[in-house]
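Each in structure tokens, the structures are laid out below.
Okay, so chain A shows up in both of these, paired with chain B first and chain C after.
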Partner chain A sequence: MSNVSLRHLAKRYGKVAVVKDVSLEIAEGEFVSLLGPSGCGKTTILRMVAGLIEPSDGAITVGGRDITRLPPNKRNVGLVFQSYALFPHMTVFENVAFGLRRKGESGAALDERVREALALVRLEGYGDRYPRQLSGGQQQRVAMARAIAPRPSVLLFDEPLSNLDAKLRDEMQIELKRLQRDLNITTLFVTHDQAEALSLSDRVCVMNDGVIQQFDTPEEIYHRPATAFVASFIGKPNRLAGTVKDGAVDLGDGLVLQSSGAASLDDGTPVDVFIRQEAVTLSASPDGKGTGLPGTIVLRSFSGAQVQYVVRLGNRFEVVVEVASSGEGANLEQGREVFLTIRPQDTIILRSGTGA
Partner chain B sequence: MKSLRTGALLLSPLLFVLLAAFVVPLLLLVPTSFQEYRPGEGIATDVWTLQNFVRIGADEFYREVVLRTIGLGIAVTLSCLLLGYPVAYLIVRGNPRWRLPLTLLVIFPLMLNLVVRSFGWIVLLTNRGVVNNLLIDIGLIDRPLRLMFNMTGLMIGLTHIYLPFMVLMLVAALQNVPRDVESAAATLGSSRFHIFRAVTLPLTAPGIISGSILVFVLTISALVTPRMLGGPTYQVMATLIYDEFMLLLDWPSGSALSFALAIATIFIIWISSRMTKRWAGLA
Partner chain C sequence: MNEQRPGLTISSVALLVVLFLQIPVIVVMLASFSETSYLTIPPQGWTLKWFEAVLTDRTYIDAIKNSLILAVGSTTISLVLGVAASYAIFRKLVPGSEALTSLLMAPLIIPSVVIGVALLQYFTLVGMRGSFWVLLIAHVVITVPYIVRSALASLSGIDLAVEEAARVLGANGFTTFRLVTLPLIKPGLVAGALFSFVTSMENVPVTIFLAGPRDTTLPILIFTSVEMGVNPSVAAVSTLLIIATAIVLLAAERWTGFHRFV
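Our next item is the complex of A and B:
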């Protein structure tokens, strides 16, 4: 259990920079996710921490110890792979015992610690099976037991849940969170699934193109994105371009959107406004205060708990709106005139041109 | 049911060739192997005897040839494995740019006729050959080493000829070892040598088994190379069977030897795959 710090970490393959000057401080026992689209360099960072890829620049320290040039077998990290990477020729017991044996553990003490690790992932009694006799979820749990059994100072996860089906993934997410809390091991978790990152992590590090976009708590990331990339990557936002005018945003076509962030910006500033699909309320009639934006429903689709509408605003915009299927505004038919209400504090306003 | 019929249809051409050209002639030889050969007269069809088989174990000459053949098979297989594994490892794990040239280098000898390659070895290994002359010239030895007409010559020649098969099998096996599994062992504290011993080697066991079976079977049934490098007197089973059939016209003895060789081969393959599988945790 140690804090991890990455200082000016970089990885280049020839002229291509995959990771560019990444610095990150992870506190002891903290659960941090690296979140980003594929190719953003998150897995490269993870593998550099594990020692499987050598950094081109920068330093990695764990608990104050510089491990940048250490081979993987001297680092005391636990890595869980997307492909599970179990030893197919060994039983579950031998898989879990592998790291312990490398540390010189044997006999009754070894048995005890393997049993303990298997109990943690609720696989008691599976010791004699081979990986091929287990389901995907069970294999992933063996991989976790194998990684935690030698009590590593850092746990690394490389998209561990992406090979599982949706239902199993939700279950494993809860297991994983419980496991990490119980063990209190510093954890670095790589994923491209934002729901996974937000629900599991103490802090999330959003990456794009080898650069950290924002490193903050899930709440901050969700409600106060620092860059346009984070705003458009997290959640399912609508993006509307306009200019600031009298403390509101002029979207053209006579549409004016009230936004709490607009007051601090000068008139005429080009801005992007991000509005989450669930932050919009639909009503069939104007609310009397005249703040609703008029629009036309062009598409309605029902998906169980939610109903999605595509609403045309003026000539330039189509906005996706998500409402609870049991609530108000769930039964509006296609082609109907509606009014959109968005609370000024639910809009995210960023100057145009702040990142992708 | 439909898939079964489709399967049978797909198999039938090969099945027909195998039946007509291999199984039937083989079965026709079964009675022959239990008959008696009378020099000057031919095969006595009226007498049934086990003599042809008994003689393989009882006669000192036959016994020596059998043991020599099996010993040669094992030795060539092991040396192909030891020489081939590093090459296969280099092809799969080395710089990708060297992959194609190295693979071609391995395959290249296969493009040359077997007789030519064996003759090449005669030029190199004979008493006044390239190797002996060189060793005498640099003063390492006074008299030529006996490199032909014995086990040494056969070992050298057959190892060279069958090495490509082993390498190609091992390349395929190594390509199937997931890198993540090796990486996992590294993060769990394995040194590079331990990763190889505990993960890579056992995971390539299927390739080791199939490569070894292939080389072993090819070696003990090889005819041309043992005949050329072993001469008329240093016999292995294949050359002996050839002589029994073609020179002595003793078909009963020849077929008995053939069956003995086939049965011994199957038995050795079975035992060795079982052992390898158990070691690699595949059983």
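Our next item is the complex of A and C:
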């Protein structure tokens, strides 16, 4: 159990930089996710920590020990692969025992450690099976037991849940979180699934194009994104471009949006405003205070618990709005004039050109 | 499409083809039991005396021994060299992997007689002609392609992440190969080794150029016996060879299910 620190880590293939100057401090026992679209360099970072890829630059230390140039077998890390990568010719017992045997464990002590690891993932009594005799979820749990059995100082996960179906994925998420908390092992978790990253992690590191966009708690990432990339990547919000005018945002066509962040910006500053689909209220008539934005419903689609509208605002914007199907504004027909109310504190405002 | 048993026509044709292919084998086996001192079909009477003649003849026993030593020796050496080379090629540990593969596979394409003549000239030049080691080296050259082919095919069938998992779990490169890679490619290697063994066992065109008088192999002996006038002992030794081969193939199939790799 140790803290992990990445300092100015970089990986280049020829002239292509996959990871550019990434520095990250992960506290002991912390659960950190690397989140980003495919090709953002998150898996490369994970593989550099595991020793499977050699960094072009920078250093990796675990518990103060520099492991940058150590071969993978000398690093004492645990890695769970996307494909599980179980040894198909070995039983579950031998799979889990593999790492322990390499540490010289044998006999009754080995049996005990393997049993312990299998119990942690609730697979007692499966020791004699072969991987091909197990379901996907069970194979996943064997992969976890195999990774934790030798008590690594760091646990690494490479999109471990992406091959499971939705229901099983939710179950495994909870199990994984419980396991990590019980064992208190420093964990680095790679995923492209934002819900997974937000719900599992103590802190999330959002990456794009080989660069860290924001490294913060899930709440901060969600509510106070630091860059336009983070704002648009998390929660799929609407993005409106405008300019600051008198402490509000002028969207053109006579549309003025109240935004609590606009007051601190100079008039004329070009900005992007991000509004989450669920933060908008629709009503058939103006609210009387004159703050509602007038628009026209272009499309309505019912999906059970929610109703989604596409609303045209002026000539430049179409906004997706999501309301509860049992609540107010759930039964507005297509083509109708409506008013959109957005609380100023629910808008995220960023200067144009901050990130992607 | 619903699953259908093959029709009567197809089944009969298939049976005929199989029979046709096996006719030489059947003929030889039948002829070996004939009481006459020349080869004849159908056999005249039934006897095992030709088998007795073969198994008590020093010339045959020595030839069988030579052949077995050569086949086992060359297959073992080919396995070690072929697997090592295939791994290096597959993992791109060496530059020019395409060229290397072609080079190793070349003996499959080049006519055996050409290889025989070429090796004869070479070994004469370096003054090693007539030695048993020359024969062994020659057999390694002609058997290594079978090992390389099956090893490369088997390697491409395993998940790279499995080796990485072993490395991360604390195994060094060699341990990973021994405990993970090798067991996973073993069925393919058994198939390759069988081909290699049989190739060495039956080779005439290369061996005949290189074998010294004391290193006569079984196929060479059969070849020269036939030239000097045939009696059924040649058929008897061939029958023994056929039965031995069949037993080995069946056993290997039972142990490893290698037919998937052929």
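The rule is simple: the second predicted complex is superposed on the first by the 356 of 356 C-alpha atoms of A that agree within 3 Å, B and C clash if a C-alpha of one lies under 4 Å from a C-alpha of the other, contacts with A are read in each partner's own complex, and residues count from 1 in each chain.
Just so we're on the same page, a residue touches a chain if its C-beta (ideal position, glycine included) is under 8 Å from a C-beta of that chain, and two chains touch if they have at least 3 such contacts.
Note that this is a predicted model, so its numbers are computed, not measured.
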Overlay on chain A: chain C relative to chain B, clash or fit: clash
Partner chain in contact with A:65 - chain B first, chain C second, else both or neither: neither
Partner chain in contact with A:236 - chain B first, chain C second, else both or neither: neither
Common interface residues of chain A - those touching chain B in one complex and chain C in the other: 50-52, 71-73, 75-79, 81, 83, 85-89, 98-99, 102-103, 146, 150
Complex contact set, residues of chain A against chain B: 50-52, 71-73, 75-79, 81, 83, 85-91, 98-99, 102-103, 130, 143, 146-147, 150
Chain A residues within the chain C interface of the complex: 50-52, 71-73, 75-79, 81-83, 85-89, 98-99, 102-103, 146, 150
Footprint of chain A on chain B - complex, ascending: 178, 180-181, 183-191, 194, 198-199, 202-203, 205, 280-282
Chain A contact footprint on chain C (complex, rising order): 159, 161-162, 164-172, 175, 179-180, 183-184
